[in-house]
Every structure is written in C-alpha cells, then in structure tokens.
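Letters A, B, C and D name the chains as they come in the text, with residue numbers starting at 1 for each one.
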Amino acid sequence: MTVETILFYVFGTLAVVSALGMVLNIRNTVASAMNLVVTMVSLAAIYLLLEAYLVAVIQIMVYGGAIVVLFLFVVMLLNLSTDEFPPGKQRVVKLAVAIACVAILTQVVIALDRDPLLAAQPGAVPEGFGGYRQVGLSLYTDYVLLVEMASLLLLAAIVGALILAKRKID
Amino acid sequence: MVPLNHVIALSAILFTIGVIGVATRRNLIVMLMSIELMLNAANLAFVGFNRIWSQVEGTPTIDGQIFVLMVITVAAAEVAVGLGILLSMFRNRDSVNVEEVNLLKW
Amino acid sequence: MPIEPIAKILFIVVVMVVGIAPLITWIERKQSAVMQDRIGANRADLAGITILGLLHPAADVIKLMTKEDVVPDGANRVLHLLSPLIAAVPAIIAFAIIPFGGVYQFGDTTLNLVGADIDWGLLYIFAIGSIAAYGTILAGWSSNNNWSMLGGLRASAQMISYEVVMGLTVVGVFMVFETLRLTDMAIAQDTSFRIFGFLNLYFGVDGWWIEHIRLPAWGIFYQPLGFLMFLTAIMAENKRPPFDIPEGESEIIAGYHLEYSGMRFGLFFMSEFIGIIIIAALTATIFLGGWVVPYWSTADIIDLISPFMGVGFATGFCILIHFSTFLLKVFFMIWVQMLLRWSLPRFRYDQVMSLCWKILLPLSIANIFVTGFILLLVKG
Amino acid sequence: MVDFGTESDLLRWIPLLPLLVAIHHGVSIGVLRRPTPPRVAAVFSCAAVLLSFVLSCIAFRDLLALPADSRVLIDDVYTWIGAGIGSSAISAEVSFRLDPLSAVMILIVTFVGSMIHIYSIGYMEDDHRDDRGTQRFFCYLNLFTFSMLVLVLGDNLVLMFLGWEGVGLCSYLLIGFWYSDSWNAYCGSKAFIVNRIGDFGFLIGILLLFGALSETGHPAISFAGIEEHFDGIVGMTVAVPEWMPFGPEWKLVNVIALCFFLGACGKSAQIPLYVWLPDAMAGPTPVSALIHAATMVTAGVYMVCRLSFLYAAAPEVSAVIAWTGAITALVAATIAITQNDIKKVLAYSTVSQLGYMFMAAGCGGYTAAIFHLGTHAFFKALLFLAAGAVILAMHHEQDMQKMGGLWHRLRMTRVVFFAGVYAIAGFPPFSGFFSKDEILVAVWVSDVPGHMWLYGIGMATAGMTAFYMFRLWFLTFCGECRAPNGVRNQIEDPNGFVLNPLWVLAFFSVVAGMAGLPQVWGDIIGIEESNSLANFLKPALVAGEPHLIEHSTELWMAASAVGIALAGTALAWLFYIRKPGVPGWLAEHLSGFYRTLLNKYYVDEFYDAVIVRPLVAVSDRVLYRFIDVRLIDGIGANGTARGIRAIAADGLKYAQSGLTQSYVLFMIVGAVAIVGYLLR
C-alpha cells in the first residue's frame, strides 16, 4: 500500500461520492455544479497519479475553470437555484436505467477479468512522459490534422453558441 | 501504483453515474453536467490505458492523452452550444425541463 | 520529516502571507494619501507612538477578528461559509512555485529557493487562478442578495474571459525561454543579449559596440507587449481597480462580498492583497528576471567573492543579493499596481469585456505569431 | 517489323487544334449561351483544320526524313489508363503514332476535311433552321475531325477505340443535325445503333486480344507491343460447343480477327451492317461527303490494314473479308442502279467502293486498299460536294427525276462533277482507274479461295459503277430540264466558298492516281519505282511477297477494266439518252427484280421483322411491363415503401415519444447490447 495507492483510493472515493452528490442532489443545481467541480479536481489528481501532468492541468483549467463556471454562470443568469420538477411518472424508465447500469458494470467486470495484463502492476514510464513537451510534439507532428479539426470545431461552436444565445439575430 | 483494472473500474462507476444522471434527471443543466461526467470517465480510461502502454517497444507513446485533450476540446464546444440551446429554450419555454421540449413526436 | 519543505512553507506563510500582505494595506493607504495629497493612515497609535501608521494593519486584523460573522437569511449556509476559503487558499498556494532565488550548490547539497520546483509551473498558476474564481462566484450566489448575485455574475464572466487572455499573453515568453518552469525562466534571464546582434547576424556588420551595447535578457525586453498585456490580464483576474466591477461600490454596493463581515470579509480582503503579491512576484519572475541582478550573473558574483571568502560564503552572499533583488522587484511591481489602482477610474462592464475579447485577445495572438516568426528568423 | 519509333512532340497538336475549337464552340453555345457570329465560328473551324493539315505536312516531312525502314514518329503525351499488376498490367498511353499508314490517313483526313470545312461555309450559309445552327454544325464537324485524327493516330487499341466511338457519336449528331425533322433523328439513331453492334465486336476483339497477350505474359496494348508479342498467341485455340461449325476448337486469332472485322463492318457499312449508310444521307451534304464518303466509313479499312499482321495470320478470316467485300460491292452496285435520289446513288456507290477496298484487303492487297481509299476519298468527296452544289442550285431538290439539263446552267459545277464521274468510273488516267486496277490485280494474284470469282465480281461491279454513275450524270446534266418552272430559271452556280474546294478536289481526283502509279505503267513511261505509295507504305503493312505477273496480263486486265467501264457507259447512254423508254420497259417486264432492287432487296424490312420487332416486343412486354413495372417499381420501390409505412406507422412511431430521456435510454440499451455482443 504505497502513498500513491492510498491517494488513488482517496481521490477515487471523493470523485464517486461527489459525482453521486451531483446526480442525486435534486434541490440545488449550484450544489450539483460544485460537486462536479470536486469530481473534476479529484480526477485531475488521479491523472497526476497516473503521470499525465499536462492533462491534469488542462482538466482543471478547462473543466474546473471554464466549463463548470459556465454552468454556474447560466444557473445564476437564469436564477435556477431550486429547480427540480415534480417527479415524473417514469417508473419504467428508472427501472430500465437501473438494469442498464447493472449491465454496464457487469460488462466491465467481465471485460476486466479477460485480460491478465490489466491486473498487472504498470511498469516505469519513459522520461518526460505526459509532460507538455512530449504532448506538444506529438500534437504538432502526428496529430496536427486533429489539431486543425479541433480548431474548426471550436470556431463552429463559438459561432453556434453566439447565434443561439443572441436574443434576436439582426 | 494501482493496477489498471482499478482505474477502469473507477471510470466505469463514474460513467454509470453519469448515465443515471442523463437518463433520470429532467433538469437540462444537470443532464449536460452528467454528460460531462461520462466524458470524464472515458478520459480516465484513456489516461489509464496510456499509463499502461506508455511505450511501445521503446518509443514513448502519448496517444491516449492526446485523445483526452481532444475529448476535452469537444466537451468545451459541446457545453458552449448546449448552454446556448438551453438559453434559447429557457427563453421560449421559461423552463429547463426537458419533458417540456417534446414538440417533435408523433 | 524533511526540514526543507517545512521551512519553505513556513517562510511562505509567515513572511509572505502574514507578514507582507498586511503591510500592503498600509502601502495602499499611504499611496492613496500621497496621490491625494493627504497625510493618510497615521491615527492608530500605541501609547502615542504611530510608526508612520504601521500599526493600522494590526488594528485592522484585530477589528476583523472581533467582528460578528453574519450569515444572511435564505443564504446557502455551507457555500456562504466556504467561499471565502475557496477564494483565499488558491491565492496562498500559488506561492508554491515562485522562485525566491536560484539554485545553489553547497558542496554536494543543492539549495533550490522555490517551494515546489515543478516542470509545468506556469500552468499550475493558471489552474490555481481558475479555481480561485469559484470563491467570488459562490460568494455572490450564496449570499441570497441581488447585488451579490450581480457581482458574482460579473466576476464569473470577467474571470473566465481574462483567464484566456492571461494564458495567451505569456505564450510568447514560453516560446522565448522554451520552458514553463519558473526557476529555469529566471536562470535563462540571468544573462544579457546584444541589442544590435541582428545587424551582425544578417548584415554582417561588426564592431566593438555590437558586442558591448547589451540589455539584460529579461522577458520585458523580449516581450514588451506581452508584459503589458499580461499585467493587464492578471490585474483584471485579481478584480482590483480599475477592474473591480464585481464589487463596483457605486453600482452594486460591494458586489460579491456585500453580505460578508468579520474575518470572512477579511479573507476576501486578504486574498486580494495576496493576489497583488502573486502578481508582482510572477511579473517580476517572468518579465523582470526574478532574482537576477542585471549585468551581474551568478557566476560572476561567485567568482568575484570566492577568492577572498571561499565558495561557500560567496554562495551565501549570492543568495542574499538575489533574494533582496527579488524582493526589490516585487515591491516595485506592487508599487506599480498601487499607482495604477489609484490613478485609473473603474471601467464599465462592457468596456472590460470588449477590452478582453476585442483588443487583448487579437493582440496576444498576433504577438504569438510575431514572436514565432522572429524566433524562426533568429534560431532558424 | 516492330519499331517503337522516335519522339516528336508535334503530333499531339494535330488532333488538339480541332478539339480546342470544338470546345470553344461548345462552350460558347452550350454554356455561355452566347453564340459567336457564324462567319467567325466558321473561320475558326476552317483555320483549325487547315492548320492541322499544315502540321500533318510538317510531320510527314519529318517522317520522310527518317530512314525508310524505321519511319515511325511517336508522341507520348501521358499515361491515360494504368491499371492491374504483373502479367495483366494494362497501361494505355495517350500517345500518337505516325507511321506511313497513319501519315497517308491524316493527310487525307485533314486535307479533304479542310476542303469540306470551307465548302460548308457556303453550304450552311442559308441554313436558318435555328439561331446557333452554324456554330453547332462546325462544333460537331471539328469534334469529328478530332476523333478521326485520334482514331488514325492512336498508338494503341484503346485510344483507337476512343476515336472510333467519337466518330460514331459525331456521325450520329451530324446525321440528325436537323433534328426538328423526326426522320433525320431516326436516321441518326439508326446509324448509331447499327454502329453499336460493330463497336461491340471491336471492343470484344480488343479484350480478347489483350487477354490472350497477357496470358503469354506480355500484356501489351500499343500496336508495336502487340505486333512484337503477337506470335505468342497465334497457336492459341478456344473450345466451342459441339453444335457450332468448324468445332470443336477455333483458332483464337480467327475469333479476334472476326470480332475486329465485325467492327469494321459496322463502321464501313459492309454486309450485314451496311443499312445505316444510305439513311445517313439525311444529314447535310458536307457531312455525307466528309463522314460518309471520305473519312469515317474508311476507318474499317484503315483498321484492317493497321492490324494487317493479325489478318495475315488468319487467312480464313481474310477470305471472309474478301468475299464480304465483294458481295457488298456487287449488291450495293445493283441497288445503286435503281435509286433516284442523287445522294442515295452516291451512298450506295460508297458502300460498293468500300466493298472493293475490303475485297482488296481480304486478298492481302493492303496497299491497294489504302490506295483506293485515298483516291476514293478524293473523288467521292468531290462527287458528294458537287451533288451538294447541284442540290443547292435545285433548292434542296434531291430527286434526279426532277433534274436534267443542268449542263447549260451549272457551267462550273458540271466540269468538276464530270471529273468525279470520270474518276470513279475508272477511265485512265484518272485516279479511280489506277486504284481499281491495283485492286483487281491484287485480287487476281491472291490465293483466296475462288479469287477468280472475286475478280469477276470486281469486273462486274466496275461495269455497274460506270453504268450508274453515268446514269446519274445523264439524268442530272443532260436531256431536258424537268425542274418546275419556278426553280428552273433560278438555277445557277453556287458561290465561291462552295465552288473553289470543288476545283481543288477535282484536281486531286484527276492526278491522285499518279501517287500509286503501278509499275507496269511506270515501265512504259520509264519511271523507276513508280508506285511510290506502295513502297512508302510497305514497312507499315504486312504484305506478302507481291506475286509478280507478266506485264502483258496486267495490261490485258487494265484494258478489260476500261472496256467494261466503257460498256457500262454506253449502256447508260443508250438507256437514258438514246432510248429513254427502255428503263421503263425493263421496269415493267422485270418488275419483280426491279422492285426488289428499288427496295434494296427488302433488307431493311427483313431486319425490321427479324430483329427490331421482336426486340421491341420483348422489351415492351417483358422488360417494361413485367420487370420494370411489376418487379422493380411494384415490389421493389413501392413495395418497400408500403412495407415500411405499414411497420412504422402503426408500431415504430410510438417509440418517438418526444421525451429526450427515452431516446437516451434507447441509446444506452443499444450500446449495452453492442458491447455485450462484442464480449460474447
């Protein structure tokens, strides 16, 4: 039980608990958002443990810093503090969801014990693994097309969001 | 370091929670958040696998994390557009209850 | 237990946070007094002794400590109590990566005067900054008060926007120094460059003056535009005047911390001032060469001293010089911010936004392109 | 003799110029919808063709500059089709090959072509049937020139096939040029469809040849390559069912040669595919002259000569060719005797002359065939154009019954026309005489079974040719003028655009014979190697050793040919000048025979009954009413639609509840199912 392992379990539990808090909290959207932030941050910590440094930082910056803030912004803008609607009559849906979730989990369990490699201890990582240098190099050599596509996507998203949010197209 | 299957299990649990959120909550904002959660679960799996296969016969590979970055990009775009939709929906319906957005049906 | 980290943490908390932050409140008052032609803070006295009003910070602390801590009705209690901490803690832990000095060799032990010498230091700063936004936003939302709400809204919009710009403005510096590690940045600036070197490079001109007319290789000389924009962005990130629209007293009484009192208000207060220090330290490290003494590199210092006193003493002396240089630069930057804070009026909300998206963003991107172009020219 | 030739970038421009102009015309009328003024368009086209004629001359000079046995110019433009690997790799270059054979051809094509272009300026002047008519006409004409040149110059079968199809298309477009008259459109499609049959054979031939060659491991598509590796496939055989004749095994070479010859039949209007050519006269007269007399219809002959090495290896097929040609010549001539439409007569005469050429080619007299091809191009183009002039003068009246006595009125036309008639009738020293003589000699000396019969048929045809040509002449130019009064006193010579080309062509149809002056005459007037054409062509063709025959025999043959021509002429004179009643009397007393001839042996009716009607019936009853309507539309399209509607309308639509989360649920279930399947 090394320190890393302990930290992993701690953050994992934190992530799960906060995720549950986000989903099950039906009174307070802002609380849900804050729970989401906790999930994100603890996931970032787990990324650190997995030695994906850049990804961890990006995770905090984008998810923690931008996306959830956007959620909060919208919640506050629309003043949707207490939101939940009278519980619908979709017992069937809930049941089906429960079954589906069980199915997913069982599938994962089955898939996990197929491959012995997954149970093994991961070996050492190469020098500078997950640092911004390696990622950057890989991004701008092998995946440069991907970068271009991402930029296009973002442009489209900006325009779309603008058009959608404008009260009147003039 | 923990073996990979714990990481994958964690990501599976998070994903399932996200599924529950998307499928049961009727508040559009929370649904979007849950989608984010599912994406993050996928990211976690990516990073975990990348941790295992951090090098392929000697040459370090980072592909998993690249994909995570791409997923994050897509997530950002998706949130921007999704919230835009939500805003316009709120303007028209004065609510963010997805069940009130049901014009398109038989 | 290792002694070094604890020492560093203690230093940061005691000196920087508890020590300097209150001092800055005094500086601010004095600055305003000077600029408004007043005598300024000089009333607080201990048995008639007013050390230039230096007792005021202490008095403030006592006052804040002893005040009642109010949570308004209908407020979300948990978040309301939590948000000041969320605001303050990131500001404090941001110190972890500020290099107060270089890397020094004592025989076989190396001393690195930085809390955590991580490879992606600046990204860490950005991450911290993005977390810090929550304090404000939640404070605004959880107070169950329309003014606070508006403040929170403004804060969220403003901070998201300026994070983007802040990130983009320093990319130029990354490109120049080819690192994100602040320590390396400072070390990289511990030299100087020929102003007219390009004449030699491209036009073959040469002469003693080309060799001897030099500038310290500081970020501000490599990236003047970047420096200005970064300063603007990070000051806006700190919600200080002239960017204090989230708490514009004249519009939305006190904005997000309207409903706060006592030490919780004090925490917001503190976090702003700590923010000032962080800004000063960052700009000093990135653009003003951190602990570097211009034209007098570490090696030179040690070579100068060691013949008389031995290398160990020389290194210690070096540390002293460097640390004081760093403090000097930090205080200079703090003074600059005070100057700005007291000379500029508050922007209007839309002005802030358009400044960010319509001016700074394009400029910073252009800056990146130009930098890359020049780097291509110089380094090939 | 295989020669891969010397490079020359000149050739590509010869076909390219007309193409460019054609594209210009097409764009300006089809795309921009802003037609160029007719005169300008005409000048463009003529300039293009004349220019490529000049280029051809230059290329010809370059060719002559080369040593006699390696006279090949190659212009390799780019790789058009590159496919397959290893032993079946096909690489069809767009590359042009100028060897003696194609040189003669391009000279003829570009020269006659330019003459006819110029002629068309005058001929199409009064054609106001639609606004952009003239430019459209010249567009097609240039396109045709391009295709013909590609056909001739193409260095490989694929490129040749491209040109082959191109000329077919242009012929279709030009026959139906005045499409507003549905009969013209019908003739166009008839020509097109009949040609399809031939082209099909051609295509099959190409594929068989290529397949056989790639079996030998040398997949070649260019003529040089094919010729080089040809010996490998001579021995091959194909197994055929018992009940087929000459079974159980056929020589592959024969099959291939037959397929190619089928193509030739289609293009060159040989039995059984000649029926389209007479109807093709529906097109404007310059078109008939250019396409259906001078150039396109000779493509078949050209192809047979081009593949002479193939036919030399397939004597049986050569015999078939010879006999087909002979019979065609005879039949067409007999039909031509009775026709009254001036252009129809010329058309059948063309068929007959083509039959002559094939007869020669089949008997191994490839040089003779090409020689006759050239001379025929001149005098037949001349005849058509002159006939066109007559038609113009008669205000688009083509029936010879309504002509006559034009001698006094068309003082210019009559001269050139007479030159043409004289040449085709085969009187010395006009070109027709020599070429026909060559052919007859070739037939005489050949070892095709029954070549003496062929010779007889040739002689008979020569006589008939003289007869019907002079019948045409007498009916048109001599005797009383039978035109209606309104027309009669307006008849006059057409303008210079029409007339001057006629003079040029007339000149050539007189002297062209000298190009291939047979040795016997050469000896008489003392010229060494007088048959320069034959010597020039020899390297390009696989001609067997020329059987030498005594000059006396040859002279006798020439004399008898002239004699029979004279006989035909005299008969015509007797029938149509001396005793005009005789033809009518004959028509009465041999009415059956006469009507058969008049109705062209009822071949069209026969084809109609045997092929067209059954085909139409089948396509209507089975393909259309049953397969298309019932199966495809009924069960296929509408059935599917109905089925989907039945399922969706009553069942699936309830799945679209409008509740987002139910959709989400479906998605999840589907994902789970897929993953489960993957994990099975």
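Here, contacts are C-beta pairs under 8 Å (C-beta built on N, C-alpha and C of every residue); 3 or more make two chains touch, one makes a residue touch a chain.
These numbers were taken from a predicted model, which means no experiment stands behind them.
The chains that touch chain B as well as chain C are A. Across A-D and A-C, the chain pair carrying more C-beta contacts is A-C.
Seen from the Cα centre of chain D, the chain whose own Cα centre is farthest off is C. Computed from the mean C-alpha positions, the centre of chain A lies at a distance of 75 Å from the centre of chain D.
For this pair, chain A with chain C, the centres built from the Cα atoms lie 30 Å apart. With centres set at the average Cα position, the gap from chain B to chain D is 71 Å. Taking the mean of the C-alpha atoms as each chain's centre, chain A and chain B sit 5 Å apart. Residues of chain C in contact with at least two other chains: none.
Residue positions 19, 23-24, 26, 99 of chain B are each in touch with at least two other chains. Shared interface positions of chain D, defined as residues touching 2 or more other chains, are 659, 661, 665, 668. The chain pairs satisfying the stated touch condition come to A-B, A-C, A-D, B-D. Against chain D, the residues of chain B that register as touching in their complex are 19, 22-24, 26, 31, 98-99, 101-106. Those residues of chain A whose C-beta lies close enough to touch chain B in the complex are 2, 4-5, 8-9, 12, 15-16, 19-20, 22-23, 26, 29, 32-33, 36, 39-40, 43, 46-47, 49-52, 54-55, 58-59, 62-63, 66-67, 70-71, 74-75, 77-78, 80, 83-85, 88, 93-94, 97, 100-101, 104-105, 108-109, 112-113, 117-123, 125-126, 128-130, 134-135, 138-139, 143, 146, 150, 153-154, 156-158, 160-165, 167. Every residue of chain A that touches chain C in the complex is listed here, in rising order: 28, 30-31, 34, 37, 41, 53-54, 57, 60-61, 64-66, 69-70, 72-73, 75-77, 79, 81, 131-132. Looking at the complex, you find that chain A touches chain D at residues 90, 93, 96-97, 100, 103-104, 107, 110-111.
Against chain A, in their complex, chain B makes its touches with residues 1-10, 12-21, 23-27, 29-30, 32-34, 36-37, 40, 43-44, 47-48, 50-52, 54-55, 60, 62-63, 65-66, 68-70, 72-81, 83-88, 90-91, 95-97, 99.
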